[in-house]
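These notes are about the structure you will find just below.
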Amino acid sequence: MFRYFTAGESHGPELTGIVEGVPAGLQLTEDDMERHLVRRQQGYGRGGRMAFEKDRAIIKSGVRFSKTTGAPIALTMINLAYEKDKSNWPVVMAKEGTPENIERITLPRPGHADLTGLQKYRFDDIRPVIERSSARETAMRVACCTVARQFLKSLGIEIGGHVIQIGSAGYEGWEEIRDITSALIGKGAEQVFKKSDKSDVRCLHKDLGKKMREEILVRRKEGSSLGGIYEIIVTGLPAGLGSYVQWDRKLDGLLAQAIMSTQAMKGVEIGLGFDSGKTHGHNVHDEIMYDGSFKRRTNRAGGLE
Amino acid sequence: MFRYFTAGESHGPELTGIVEGVPAGLQLTEDDMERHLVRRQQGYGRGGRMAFEKDRAIIKSGVRFSKTTGAPIALTMINLAYEKDKSNWPVVMAKEGTPENIERITLPRPGHADLTGLQKYRFDDIRPVIERSSARETAMRVACCTVARQFLKSLGIEIGGHVIQIGSAGYEGWEEIRDITSALIGKGAEQVFKKSDKSDVRCLHKDLGKKMREEILVRRKEGSSLGGIYEIIVTGLPAGLGSYVQWDRKLDGLLAQAIMSTQAMKGVEIGLGFDSGKTHGHNVHDEIMYDGSFKRRTNRAGGLE
Amino acid sequence: MFRYFTAGESHGPELTGIVEGVPAGLQLTEDDMERHLVRRQQGYGRGGRMAFEKDRAIIKSGVRFSKTTGAPIALTMINLAYEKDKSNWPVVMAKEGTPENIERITLPRPGHADLTGLQKYRFDDIRPVIERSSARETAMRVACCTVARQFLKSLGIEIGGHVIQIGSAGYEGWEEIRDITSALIGKGAEQVFKKSDKSDVRCLHKDLGKKMREEILVRRKEGSSLGGIYEIIVTGLPAGLGSYVQWDRKLDGLLAQAIMSTQAMKGVEIGLGFDSGKTHGHNVHDEIMYDGSFKRRTNRAGGLE
Amino acid sequence: MFRYFTAGESHGPELTGIVEGVPAGLQLTEDDMERHLVRRQQGYGRGGRMAFEKDRAIIKSGVRFSKTTGAPIALTMINLAYEKDKSNWPVVMAKEGTPENIERITLPRPGHADLTGLQKYRFDDIRPVIERSSARETAMRVACCTVARQFLKSLGIEIGGHVIQIGSAGYEGWEEIRDITSALIGKGAEQVFKKSDKSDVRCLHKDLGKKMREEILVRRKEGSSLGGIYEIIVTGLPAGLGSYVQWDRKLDGLLAQAIMSTQAMKGVEIGLGFDSGKTHGHNVHDEIMYDGSFKRRTNRAGGLE
């Protein structure tokens, strides 16, 4: 059983992760993790030509000569601002000492854990809530999950993704998305990543990507932000990986938990998703074909039945 | 920690459940469970005036004088058809003996676990897959979760729900739904159940309910089925119930797992859900107000931040 | 991951168990379970020629034609006294109704969970504590664990056991025990069971068994009970089954938990156990030999390093 | 639920730990952890007046102004030898690069995980097994569990311990141990620690401690090591902390797991332990007295019934 914990505050000295239950002999380097960490840091209106310092997860245990040893893998990710004394963290979030002359943050922001955290822990300063609930935590999650990704890859399972909607700019329907991804998927889901990464809005469709960029610019001028929707594609999965026998073993439930527990996610769909709720049976199933092996012409159930 | 397992096949002698980690002193009777089991069995085009035999969960342990004792609660739900010898189960699914002259089911149905189960377990007869992956399993889940519901109710937490879309018939937008539920929610989420239960399509809106019924009739004539979307509302929750500190403790992830692991569910949204991905920041947050206590005028984040 | 829950009160209508995470295709019948349930019921001074009614676990799901299907296995064990109306349970432990004219049990017995249960749940009647903490719960544990035993057996792993001490009657030392078990172990640990089961005190040594019986008789006349010590032997285990990488994966810890959580157990030893604490290094290790494959001449570490 | 993982190799750059599920507001400093880390490092024949460099766990997250924040607590413990380039680890256990001219360790030691690890992971060098299965891992366990200790202390629960046997030198029986501990226990179990810490063999009994030291000296001259037995005492526990309702919730099982999973432990007893198996009922129970509140004159069941 693969397990992992993350720890660390957004502006603290470091993020820490422990990944556990990893078999020995799996290829894993800091560069493998960096590739995905860099992908996380990029994005239109964030990176671009603007210089940024790359996150890097340092392996502290569990790996020898670029291969896992079976032992737990400890990862640390140094906060570069903190290291360069550009942070006031050592004063306002000091692990020891007493709080003196510290300007408290007391105004909870909507859309964040601020208010809930204040009420739960009865803090008089929101900082500890902001620091831990921050999306920066996902940097360590990316590093930890790269281990899982390497494991899956060793079994021929690939994961890819691309953006399908930003604000009002999005594909017309599932067919349009299928058209643009199907050729790539045939070569493995990572091809979807490789191609979408060439776009700074991660969109596979050139014109649509342009619209997304325009919408971001408009909203930025207004001082607002924008939501979006992405699609995750997995290829190479053997049939029978999940289980239908007990509620807490079902793969669709576990995937939904993983996605929804990510900061700022408000919805998860599998296959047609909510559109299944708006149509009738013949349109939501994937006909099963047999010509030596089982095949299907459509993927309306998201491959998870 | 509240835990439960269900067991049992769709046409087998009984469904079995064990609910564990329940405090002592909680009110619980078989009638409490039956109320929700009956609700599960009803529905337009299924029950109506047509007679059906009610499912009833029998308490075998863990309850004394209508109160839980702290011990595990064992529940069994007898399969009435099996009891009355109307089932061929004792022959085709016999727990002992050898399979003789049994007509195998070998054609996997799309939209079900049939094919996956066949491939996973290398069966030559799909029956064991059909029997366990059947939606009848949710009958025992309803019984088990009534225990959780009673616990929550003892803390002033109520759960309600209603149908917002069947096929092409649905509300125009979130505002329309809020208008119809807000008065009920003020008195506790169970009021939503009580009112929606009066409709055989569980719709709070009379005219919309009529359209849903019409669409069901049309599709039935075509021999097809229809998807739908429902909304779940919880009231009385204290702030800080979930946690932002570790990925697998986050309440939104756990709720998404619970919903998505239910048979036939293909999507979960919290608050605005996917609509958050189609608009900008000012439209997705819920402004925090303070006039002695914290309040919000909107509920776009689904109350889960 | 193999998981199981038990439920049920000592004198209630039935004990219930759900065993989960069992692969499909494993041989399992009610007779397989009964063999071990009968073994649990026997014992000098308990059964003998005296008639007793056999416990039998009834399979309610998860098994077809004597083979597991991968689905959860539900087991029920009917309380025969309850069935025959010889029990006053329906009155004093009724699941519904109100307690009227019920003679409460209020005197907690030492050596039981009585007092702790009373204080934890603030009951005014100890019955619910007595009923659940009773050693009768182990009957369902035996049935559930027979499933695990069948699984292990299919991999060539056998479990056996025998009694090494009752009261003051016991073996002189580990060497004496080894002498008597080593020949049996060579043919698989179940041989140890088969031979020890021929003795009503489960002792492999004829004269020692006689002393144990005598001591039981003496103590019974005094109205007292007697403690004992047994040895569990497992054969056929592949190397590397447990793990040294994380504290909660270590096999010795998990075995100790399983044993110590059984009613009335107060100690667990592996290999030399506490005797290791009374001697020096050369006496506690098992020299590793190599003549094509690895071998050891001694088993002081209990085979668990 | 309190959870923790440790990671790190014996001679690697650092040990890492993440402690999770800790409430906010708990007093915790690096000095609190150091007190117990120093205790772990001491011992007759190991420290004495000989200088040694103290282990120190550095808090990287989850603590602000000496109080926990509810967020996960990340701990790192730097390997001092590694830091000072006195280690050949960077060459023989390098996380990247290829193994060149590295002298392999191929002779598995008895009494360690060496052989099992080799066979499980099919390594051609035992180093990764030695490094992770080493008792040095317990240093991080001590640091992590200090967090639990601080939590328990805030509830008035104290844990103490002392050595009762080294080699052939040990107390005569339980009565002798009770005599020497009972006065200390009355003031809280930490008093037992405080007093036993004054002895370099952690023995509360002066003459017995002398015998232990003598035995250690004799065995050291022979080039051998010695086993031992210690007693752990907990005070301030409320009744009803564990549970009798399900096998995997029982406190005695969980405690046995925690102890037995520690490196080199081969036995666990509660109360009279194995001596219960050698005597009769009247000698193993603790009579329950009542004079306003419940009391017991003896503690033969180890306080865990």
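As written, the chain order gives the labels A, B, C and D, with residue 1 at the start of each chain.
Methods note: a residue touches a chain if its C-beta (ideal position, glycine included) is under 8 Å from a C-beta of that chain, and two chains touch if they have at least 3 such contacts.
As the structure is a computational prediction, the values presented were derived from the model and not from experiment.
Chemist: Smallest number of touch links from chain B to reach chain D?
Modeler: Counted as steps through touching chains, the separation is 1.
Chemist: A-C versus A-D: which interface comes out with more C-beta contact pairs?
Modeler: Ranking A-C and A-D by C-beta contacts puts A-D first.
Chemist: Counting only Cα atoms for the centres, state how far chain A is from chain B in Å.
Modeler: Using C-alpha averages as centres, the distance is 28 Å.
Chemist: Provide the C-alpha centroid distance between chain A and chain D, rounded to the nearest whole angstrom.
Modeler: Measuring from centre to centre gives 38 Å for this pair.
Chemist: Just give me the whole-number Å value for how far the CA centre of chain A lies from that of chain C.
Modeler: 46
Chemist: Scan chain D for residues touching two or more other chains and write them down.
Modeler: Within chain D, the residues that touch at least two other chains are 5-6, 20, 70-72, 117, 120-121, 132, 245-246.
Chemist: Which residues, counting only chain A, touch chain B once they are in their complex?
Modeler: Touching chain B from chain A are residues 5-6, 108-113, 115-117, 119-121, 129, 132-133, 141, 165-168, 170, 219, 222, 224-229, 239-240, 242, 244-248, 250, 252-262, 265-274, 276-282, 284-288, 294, 296, 301-302, 305.
Chemist: Can you check the complex and tell me which residues of chain D touch chain A?
Modeler: Contact set of chain D toward chain A: 3, 5-9, 12-18, 20, 24-25, 29-30, 59-66, 69-74, 76, 93-99, 117, 120-121, 123, 127-128, 131-132.
Chemist: Which residues, counting only chain C, touch chain A once they are in their complex?
Modeler: Counting only chain C, the residues touching chain A are 1, 20-21, 70-72, 243, 245-246, 249.
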